[in-house]
């Protein structure tokens, strides 16, 4: 999974019907290339600046109550930034 | 999901029968390496210059009415460029 | 999907039985890092130098008549190089 | 699969119910870009500093007893660092 | 698929039960970033120094007799290094 920080929201009025009901969050990778921001769907309610855990590709479907065209999904809010070596 | 800008269309007369009926759009990533353009299938009707939301890999199938060999699919037109921090 | 140019063929006599019957083509990405050549299976009959459309990962299976261990598959031959902005 | 070294743990109290019961480990890639740390779920019991084998995307599901939104999973602890050429 | 050269083997005594029976080979990409070595499962019997064809992600399952947590699998031994343009 990817660790990332929520940097904003994305609004899409004209969208695929199966995407209705998901909040769309802009995620900045915590590790690696921080310029590679991506969009993750969320129903946990993560806020701007929070550190989250995102699963990707088809594995997102195992967190959803119904199938949806979502390749990145917030599966947890991380309690504290990871401490390397602990 | 990937945020991207529509930069053009791709025409393929000799193609796989399951690909017939999809518009093929050239997408430039909004974040990260802008040289990594890719092709996404579209039925929402996104136009050149519009900012779109693209889902990838097998998750595309959850937006389609029939299965198709499509690993990138436009699932929404974004209302406005994202504001970081909002 | 990935746009790529056919640069050669790959021959593999000792191979997995489900791979028999596919032509194996060496594809150079049209956009991004051109050193990242990869191999795609093909049954459309694309030739050396032709510009093709390749789908990847499990979505390849939606173009095949039988399941096969193929993570890149040629799904179309592109009529002309894409014109950015048109 | 990815070879990686366990560098820490990630704690997420507010998380998706299907993620409960998995230890979440911070993994540093052994080869390639070491800055691209990611999070893998684990039930084998790998410890900090150990070299592990991680499978990704939907293939994680073939190691689990129940489906879970996990796109990286520890499938083995490696006996010794690999010797190139042996 | 990825073209790669076998550079070594990986031994993992403490591993997931579904991984038992597979040889684990260290693969160096033939094209692109050669530092990005990864591990592929093999039952064809590829040896050190041989050039192989590797399929990835869930498509590996279409080469296996039983499902396994394997995201890279050797599906062929390549007869000769590819000749660009032929």
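In order of appearance the chains are A, B, C, D and E, and numbering begins at 1 in each one.
The rule is simple: a contact is a pair of C-beta atoms (placed from the backbone, for glycine too) under 8 Å apart; a residue touches a chain by one contact, two chains touch by 3 or more.
Quantities reported herein were computed from a predicted structural model and do not represent experimental measurements.
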item: Fewest touching-chain hops separating chain C from chain E; value: 1
item: Chain copies touching (chain B, chain C) - same or different residues, decided at half shared; value: different
item: Magnitude of the superposing rotation for chain B and chain D (Cα, nearest 5°); value: 145
item: Computed distance of Cα centres, chain C from chain A, in Å; value: 31
item: Distance from chain B to chain A - Cα centre to Cα centre, in angstrom; value: 19
item: Where chain A touches two or more other chains at once, by residue number; value: 57-58, 60-61
item: Ring path (origin chain C; first step to chain E); value: C, E, D, A, B
item: Parts of chain A lying in touch with chain D, wherever the complex brings them together; value: 1-3, 31-32, 44, 53, 55-63, 73, 75-80, 82-86
item: For the chain E and chain D complex, residues of the former touching the latter; value: 7-16, 18-19, 24, 26, 33, 35-41, 48, 57-58, 60-61, 67-72
